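To start, I am sharing the structure in question, which I have written as structure tokens.
All chains are identified by letter, namely A, B and C, in their written order; residue positions are counted from 1 within each chain.
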Amino acid sequence: MNGQGGRPAGAHDGGTGLGGLVVAEPCRLSFEGVTKRFGDVIAVDDLTLEVAAGESLVLLGPSGCGKSTALRIMAGLETPTAGVVCIGDRVVNDVDAKDRDVAMVFQSYALYPHLNVRRNIEFPLRSRHVPADERARLVAATARSLGLEALLDRKPAQLSGGQRQRVALARAIVRHPRAFLMDEPLSNLDARLRTEMRAELAELHRRLGVTVLYVTHDQVEAMTMGQRIAILRDGVLQQVDVPRTVHDRPANAFVAGFIGSPPMNILAGRVDTADGAAEVMVDGGSIPLGPAATAALRRRGLPDVTVGVRPEHLRADPAGTLKVTVALAEYLGHEQHLGCRLPGGGMLTVRLTGTRSALVLGDTVALAVEGDPHLFDPVDGTRIDV
Amino acid sequence: MTESSGAEPGERGRLDRRGFLGLLSVGAGGLLLGACSSGSSSSPTAAFPLGAAAKASSKPTRVTLWHSMSYNNQTTLQKLTDAFNSSQGDVHVNLVNQNSYTDTLTLFTAALSSGGLPDLVQMETVNLQSMIDSRSVVPAQRAIDAAHYDLSDFLPSTLNYFKVQGTQWAMPFNVSTNVLYYDQNAFRKAGLDPAKPPTTMAELKVACQQVVSSRTANYGMSLKLDTSYFEQWVTLADALMVNEQNGRSGRATKVVFDGAVGTSLFEWYADMLGSKLAQPTSATTYDNLLGIANGIAPICLETSAALGTIQSILSGGQYANVKLGVAQTPSTTDKRNGVFPGGAGLYMVSKSSPAQQDGAWQYITYLDGPAQQAQWAVGTGYIPIRKSATALPAITQLWATQPEFEVSYQQLAESPQNVATAGAVYGPQAQVEQAINSALTSISTGTSASSAMAQLTGRANAAISSYNARVGA
Amino acid sequence: MSDADLAPGAAALGEMAAGRSKDAANGHRRMGRITREAAVGYLFVLPVMAVFAIFVFYPLLRTFWLGLFRVAPYPTIPSKFVGLSQYRNVLTSPDFLASLGRTGEFVLLTVPIGIVLGLALAVLADARIRGIRFFRTLYSSTVATSVAVVSVIFFTLLNPTVGLFSYWLGIKGGNGILQSNTWALPAVATVTVWQNIGFTFILMSAALQAIPEDLLEAARIDGAGGRSRFWRVTLPLLSPTVFFAAVVGIIASFEAFGQIDLLTQGGPDNHTNVLIYNLYTSFQNNDFGKASVLAAALFVILLAVTLVQFRFVERRVFYG
């Protein structure tokens, strides 16, 4: 805010130029012990999370997990029941949304239907009493950078979904805010456009270098958009880390099941360490464990364990230790998903790449597991570190 | 919708051809029906079917009366009617209350095309020319001539009002005049003699000045901005409202009250209202009477017909500080002419069967009988229109105990008979009176008397000429 | 044409010719079907059209027709055809022009104030505070009152002798508000506004609730304060409703009769004698010719207002 109250975040106060656009110095966003209750419902439960300046962090979780509430708390649209919210180094708990100098992109785009594209984009500038010539310059630059020049005189109703999305982005960008908040911005687009816009957004973030807090329920979007991903469940933060870590070393069974497509296979198992090299007994057979995993389980000393195996880590192998029956086959061109029934009735998903497998429905096959499986505590789901 | 107004059970619901056509024309003002139903008015020389009810094949002959009496007065009317119905077997009269004089005229006019006319209708005095022009009335004169009916006992004013160029169109029934109401206690407080109420407008003004200067009340009097008091004063000054001898010698074509008398009356209104000696009150409310009750203005003018209601309210004890006095309307100058009667008359309808016309006439003569008029006057506060009625015990007792009730009768009885006191007769009386009300209102809000009169004359004459053109006169 | 698709080569030509003639036959059959469907359609519309014809179009045309006649006060006297002269006379009379002027004043006194007040109450009642339901009920309660009851209440309140307002204002006797040339029309207008406020309130409340919360939140994040959000977002989005309320209000004001009849009867000195009351008085005087001309004039004016509304709605000048 640079101590200027409602004035525009200075276009010339140390911003970095980019294609005619001037961007404010990005700042960090943080939640410190933030809780939000709606009556008896706890939407956000003691959330502590920091988005570093210039970072793109994705809040991921199923619907109703509190991710949108957290975003709205950051925007100032909701007041936290407890905890501290900071933008930059300033505590903003008592700062009205209009004075927080963050931009937000809504799932519905929230374009003003009575204003044309030009007026929509310059709306935040008018709010901040930016002089007319300056406004015109900023709108033109923003429109150019997003390819909206030809649409400036149209009303939102005359635009396609992708165009509306771009206008909403332009409206956020034009005021060079200190941070962007995005609430499922791509979920109203069709699959193809979503992929396109995803790339564009990522590119935009790279160009502008701004701080982005991005909310989505789509883990693919999260993996591609976020430098880090924070996974929420029932208002509780499960794990925050870079996409690779979240994928490869999920903090618990929930994260493990939520990240990855097709989802990880989760099986109840029992450790058998009778003869040196340990293995986990599961329905349909057993999964062998490496020395490190064996050691970890030995240290733990309890027989019950939850086992996670990603579908891509299963392959058909006559020497495999799991016996299953092929019940479902989905051929996707570059890969194939098999649904395999376990003797006890459970299902295992197998992801096969490369050439089309000769397996047909009803075949009984043996599956082998590559590497160590993921191991979780069967009671609280936490990862058993190996 | 049948023409018998549904009085006879046998005829109810039977829709004859005329009734059906009438039904069709209800929404359209009866434009087309006008031509085909106009021929039914019998010529003035036709003989009245005297005795037809007695000779009727089915008895009793049913006669319907449309009236506009309020609840209290309706009770007395119903008693008289019940007595008439049980006094003989030839005629049975049914009363239908049509709510107000205005509504009665509207419904009567509508029934002229749609059917369902009554046999007898009570119409306000001012509708005389309208009723003549409607060509739907059997003049009472025909029955009077046929029966050699003796009119000598009637108070002449009451008959003369309904008589035009020698023809008695309706018979008077409920008659009243405007009188002066005042609070005797306030008079005493203001140093005025309650026994000597003002008799001229000059004295009235002096009394008002005294009330105001003694701070007895906010105003000396209430001036109801209603045409009837203006007309009363024009008549008291022996002036006329309209030309052609107040419409008595021929159809009136313009108003003539804009002469010296009318103009000075308007100036008097302007003076009284402008100097705050009088408070203006609306023509549609009884704020003038409430002014007495609430001590705002202790004097006002109002119809004598209101006396019965006023007395019953006062007897309730809510206004114990008020002692009511009633006097004749003060005259404009020392030279007092007289007043014309207000109220209503009874008209016989020409579409009714001979037996029904005869039955209606029998009923009228019953209601207008001395004993019945005495009962009517005592029950309602209207004036008994028969001189002999005033000698009956019911009236003498009333007047002895409550002399206020005699004032209106005396005022009318003392009035000389001339064209002024006969009252004006012309067609669009309602419109002209509305225009007079408007003019008086405009004076109360500061318009000068002369410009109010000029505007009024224009409006009134336009209404008369438009009406005359529409009736083809 | 599927036959032709299946028959390649030389045979196709003949097949196509056959197909074409078959198409023509189909065409005839199709037209027959369309005519039949249309006939059934008209059959369904017929009852409504009949009702409209009898109760709307016929009286309407009859009114225009009746305006060509000098109608006697009594149906027992024949009417006289006077052609357009009655239209000319009535529509150029000072009487008509004065009542038209009064109507205009009345509309100006009722419609804008009514909308502003209704909108203001709706905005107030949009607040999320405890007990707001009570206020919402209160604000919309005038919808459930009849114009006659409201008029009688106000008539009593405004009475100069016994009225509560007069008492508060320290007035005793004399001309009351309803007897004042200056204040009678504003007073009747006030009663009208009061009577209509519930309807406007409900209309505006519904429109307010239809505005997506997102837009107001977006405006808030875009730096707009409460007042700025109202003027720049809420009001523009309400504009179709405001326009609708204006048109409905204008029509209602043109047809406001009950309150005038009960409060002032067109007085004092014609100061509240609006067009509809003038029309009523003409009917009361049995002057059906003049009344018809006035009714026709009223119809044309309201038709014009309605057409303006349709035009605007059709063009969607607001947004969307």
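Note that contacts are C-beta pairs under 8 Å (C-beta built on N, C-alpha and C of every residue); 3 or more make two chains touch, one makes a residue touch a chain.
Given the structure is predicted, the values throughout are model-derived calculations rather than measurements.
Asker: Using the contact definition from the top, classify how the chains connect: line, ring, star, complete or other.
Answerer: line
Asker: Based on mean C-alpha positions, which chain is nearest the centroid of every protein C-alpha shown?
Answerer: Closest chain centre to the overall C-alpha centroid: C.
Asker: Between which chains do we find the greatest number of C-beta pairs in contact?
Answerer: Highest contact count belongs to chains B-C.
Asker: Using only Cα atoms to place each chain's centre, name the chain farthest from chain B.
Answerer: Farthest chain from chain B, going by C-alpha centroids: A.
Asker: Averaging over Cα atoms per chain, report the distance between chain A and chain C in Å.
Answerer: The mean C-alpha positions of chain A and chain C differ by 54 Å.
Asker: Could you give the separation in Å between the centres of chain A and chain B, each centre being the mean of its C-alpha atoms?
Answerer: The computed centroid separation for chain A versus chain B comes out at 92 Å.
Asker: Just the number, please: Cα centre separation of chain B and chain C in whole Å.
Answerer: Chain centres of chain B and chain C, defined by C-alpha means, are spaced 42 Å apart.
Asker: At least two partner chains per residue is the criterion; list those residues in chain B.
Answerer: There are none in chain B.
Asker: Two-or-more-chain contact residues of chain A, please, as numbers and ranges.
Answerer: Residues of chain A never touch two or more of the other chains.
Asker: Do you know which chain C residues sit against two or more other chains?
Answerer: None at all.
Asker: Of all residues in chain A, which touch chain C in the complex?
Answerer: 6, 75-77, 96-104, 106, 108, 110, 112-115, 123-124, 126-128, 155, 157, 171, 175
Asker: Could you please specify the touching residues of chain C with respect to chain B in the complex?
Answerer: On the chain C side, the touching residues are 59, 62, 66, 69-80, 159-162, 172-176, 178-181, 265, 267-270, 281, 284-289, 292.
Asker: Along chain B, where are the residues that touch chain C in the complex?
Answerer: Within the complex, chain B contacts chain C at residues 25, 27-31, 33-35, 37-38, 40-41, 102, 106, 109, 112-113, 130, 133-136, 218-219, 222, 276, 279-282, 284-285, 287, 290-291, 294, 296-297, 427-428, 430-431, 434, 437-439, 441-442, 444-445, 447, 466-467, 469-472.
Asker: State the interface residues of chain C toward chain A in the complex, per the touch definition above.
Answerer: Against chain A, chain C makes touches at 212, 214-215, 217-225, 228, 232-233, 236-237, 239, 318-320.
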